[in-house]
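Two complexes are shown next, each including chain A; its partner changes from chain B in the first to chain C in the second.
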Partner chain A sequence: MNQTMPSNPNRPRWLNALGLITLALFGVGAYLSLVVSPPDVNQGQLIRIMYAHVSVAWVCFLAVIASAVFGMLFLWRGRKIHDVLAVASAESALFFAGLTIIGGMTYSKPTLNTYWTWDAKLTLTALLFALLVGYFIVRGLLEDPQRRGRVSAVIGIIVLASLPFNYLAAEWFRTLHPAKSINLDGSGVQMDPTMLQVLLFNVGVAAFAFLYFLFERVRIGRIEIAREEALEAPSGSAEVVRV
Partner chain B sequence: MKRLSYGIAGIAVLIIAGLLIYRSLNASLVYFILPNEYAQQPGEYQGRRLRLGGIVETDSVRFDNESLQLTFMVTDSLQRYPVHHRGSPPELFKENTGVVVEGSFNDGVFISDNLLVKHSEVYEPPPPGESVDVEALKDSLQ
Partner chain C sequence: MPEFGIVLAIARKDLLQELRSRAVTVATIFFSGIVLIILAFAIGQEERVLAGAAPGVLWVALAFSGVISAAQSYQSELEETAFEQLLLYPVPRATIFLGKLLANWLYMVLLGSLMLPVSAVFFDMPLGPGWPLLLLTVLLGTLGFGLIATFYAALTANLRARESLLPVLMFPVVVPILLAAVRATGAIVQLGNFSLSLSWLQLLAGFDLVYLVVCTAIFHFVVEE
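And then the complex of A and B:
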């Protein structure tokens, strides 16, 4: 029992440091986006919204992948820590999906002249958001931790299955959303080198934020597991419950 | 062994579901049609509300300040159609850029009530010596 109990329920120092580093990097990222980046030939200053929108969208994808991978590990091994990691990733995925949609609407009104339209890219992103909301509704309905973990892992994998369609929507379907500027198949980058560097830095900042949220949520998840196990234990656990 | 066969069955179901989603999205989610597609079967689209997408033809944009009537030609380089839109053009609207207009055809003229810009995925600074004109931007806001 003592093995699973954190000796110190307070946040460790390195996690506080990670949070502060993320905050500092966010400041640098904002400076790069708002000051260092040149304006765009067509969009002018509006290009600066792109750095926020694209970076959170990418990290949303990363969080969905992480959630599905940890969900698969939970299905395979049945270890509670994998379920905690899957939930922590899914919470970040939902958070970043919300930011992607809010940022996208902010960006598209002045550039595309509408807040929202039901093209393939936006529809699939709305579906992604709805599936992630469903993930947490289903978790709330199931009480048995093993069953809860298995069902939510399957939902996480379904969300992952929608990602390729979302990622390639503008290439596969006719959309209003602009196509990808950075092609990972080697067919080139349709972006000025300075702009690309600013974007990649901001992607890194969003990834740091994701890592910070992940570790912090896992820390809380460990305490939750310890409490659940203490409640399940038939006797001699009263003192453990008082963390 | 049992687990492996479940895994293979699960992956097969996911692939089939993915293909079905792809096919149905492709068939029903044609977000806009091109001028040439309209030209092939104008009867099918007559009087129906649709989205028409293409490029704004060079030297075709006219805007009447009094009646707020915007007219331009939209083309896919095979066919071209005049578009009448009531309202001021959006900020990124200009010649040689992509647009999607919502409305319907009336005697070969597209009457639009919603003008959306479909800009390209190319992002670059203006050429040297040609900065974004703040004064022009201020004027356009007045």
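And then the complex of A and C:
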């Protein structure tokens, strides 16, 4: 095993700075949603869960879209960095989907007195979680990097295409059964301006966290590619491989 | 259009092979029947509950059988490097996908048309005057199901653990198909509400159209070596 390492295995400064900024913003977001935001008329203090829950959910869908777009770029150009970006987005999407489900269950226990409702959005996220797990199962089974990148890009595109249908189906499934329908979101469009600002700030925080995860994962991905290529290359020509 | 002839030729090859071996036909027909019986036992013996569950049971049986038939359509290609030879033909890869899809779809439509009266008898489900709409539901539902099944079967064909992987990958994608098909069937046979079933049929048609385009467009990335 030769010791080929990329020129800079350490985390660059700007990435550390981004991480610290994200952490600081997270603190501000927590302060805004726990202290500054007024309690909700209907849900009282429980509304504070919503800030965390809704923001991770939105960023989760953003990450799914990003993964499919990077996958398409990989299919089009065949550059490994796009595959790394697609995986990085998919991993974040899986993480945020998990957080969304946990947040949704936490939210629905005190408001609806049950951990699981077949609410459209919660069902959609559960399906999305299953789809993303499938993405990583297949990825783990493929050895050849090119084929692995292609197949995962294809699955990423299918996952993105499935979102509107899953949403429609889950939504209609609910609305066609008025007996069961309990309006989960007391928020909706008519929202207090302070609350809306706090929510949007928290969405921004989650987006920053996504960006940080993305860049950090890409950094690791570059090291992985360099290592894979170093192992493939004949031992005589062991050079630093730039990606 | 020469491509259309190629699609037909590939579908004909698959159907002819099935007609001669009857491997999938026997297995899936009995498997669907067994699923009907098992679910009937699981649901209980109350007539009203059984009749209410009938559309769901019918589509679960069709879905499970569809996985078997789609997996088999690539399983047989793996022997004697048949699939590699199929890929050597100077035709767009999408025609291979469409040919296999056509064969799988026709097969599932036949299975669905057979299971419809069988479940009607088992679960006391009146087919009634809405049978043309029911047939349309079977046509659209099995097309969407066949699309995803054929696509993912190609994707998993040369992976380890493909038998367990195919349902894990495809069922989350076909959930809207199953849901819409079950609701449409229920609206037709239980509520007699044809206009309600039409909105579900629209969802099915939209799903079919979008995935027909998407899967055809990206299929060649799946089989490319």
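FYI, the second predicted complex is superposed on the first by the 204 of 243 C-alpha atoms of A that agree within 3 Å, B and C clash if a C-alpha of one lies under 4 Å from a C-alpha of the other, contacts with A are read in each partner's own complex, and residues count from 1 in each chain.
In the analysis below, a residue touches a chain if its C-beta (ideal position, glycine included) is under 8 Å from a C-beta of that chain, and two chains touch if they have at least 3 such contacts.
As the structure is a computational prediction, the values presented were derived from the model and not from experiment.
Trainee: Output check: A:Ile102 vs chain B and chain C. Expected answer is one of first, second, both, neither. What do you get?
Mentor: Neither partner.
Trainee: For A:Val36, using the defined touch cut-off, is the partner it touches chain B, chain C, both, or neither? Pick first, second, both or neither.
Mentor: neither
Trainee: I'd like to know which partner A:Pro110 touches here: chain B for first, chain C for second, both or neither.
Mentor: The answer is first: A:Pro110 touches chain B but not chain C.
Trainee: Which touches a greater number of chain A residues, chain B or chain C?
Mentor: If we count touched residues of chain A for both partners, the winner is B.
Trainee: Answer with first, second, both or neither: which of chain B and chain C does A:Gly44 touch in the superposed model?
Mentor: In the superposition, A:Gly44 contacts chain B only.
Trainee: Contacts for A:Asn166 in the overlay, against chain B (first) and chain C (second): which applies, first, second, both or neither?
Mentor: So A:Asn166 only meets chain C here.
Trainee: Return first, second, both or neither, reflecting whether A:Met195 touches chain B, chain C, both chains, or no partner chain.
Mentor: So A:Met195 only meets chain B here.
Trainee: Look at A:Leu23 in the shared chain and tell me whether it touches chain B only, chain C only, both, or neither; answer first, second, both or neither.
Mentor: Neither chain B nor chain C is touched by A:Leu23.
Trainee: Taking the superposition as given, does A:Ala120 touch the first partner, chain B, the second, chain C, both, or neither?
Mentor: First partner only.
Trainee: Do chain B and chain C land on any of the same chain A residues, and which?
Mentor: 157, 161, 165, 170, 172-173, 176.
Trainee: Which positions of chain A touch chain C when the two form their complex?
Mentor: Listed in rising order, the residues are 75, 127, 130-131, 134, 137-138, 141-142, 147, 150-151, 153-155, 157-159, 161-162, 165-166, 168-170, 172-173, 176.
Trainee: So in the complex, the part of chain C that touches chain A is made up of which residues?
Mentor: Touching chain A from chain C are residues 151, 155-156, 159-161, 165, 168-169, 171-173, 175-176, 179-180, 183, 196, 199-200, 203, 206-207, 210-211, 214-215, 218, 221-222, 224-225.
Trainee: Contact residues on chain A for chain B in the complex?
Mentor: Touch residues, chain A against chain B: 38-45, 47, 50, 110-114, 117, 119-120, 123, 157, 161, 164-165, 170, 172-176, 178-181, 190-192, 194-195.
Trainee: Contact residues on chain B for chain A in the complex?
Mentor: Of all residues in chain B, those touching chain A are 14, 17-18, 21-22, 25-26, 29-32, 53, 90-93, 97, 100, 114-127, 131-132, 137.
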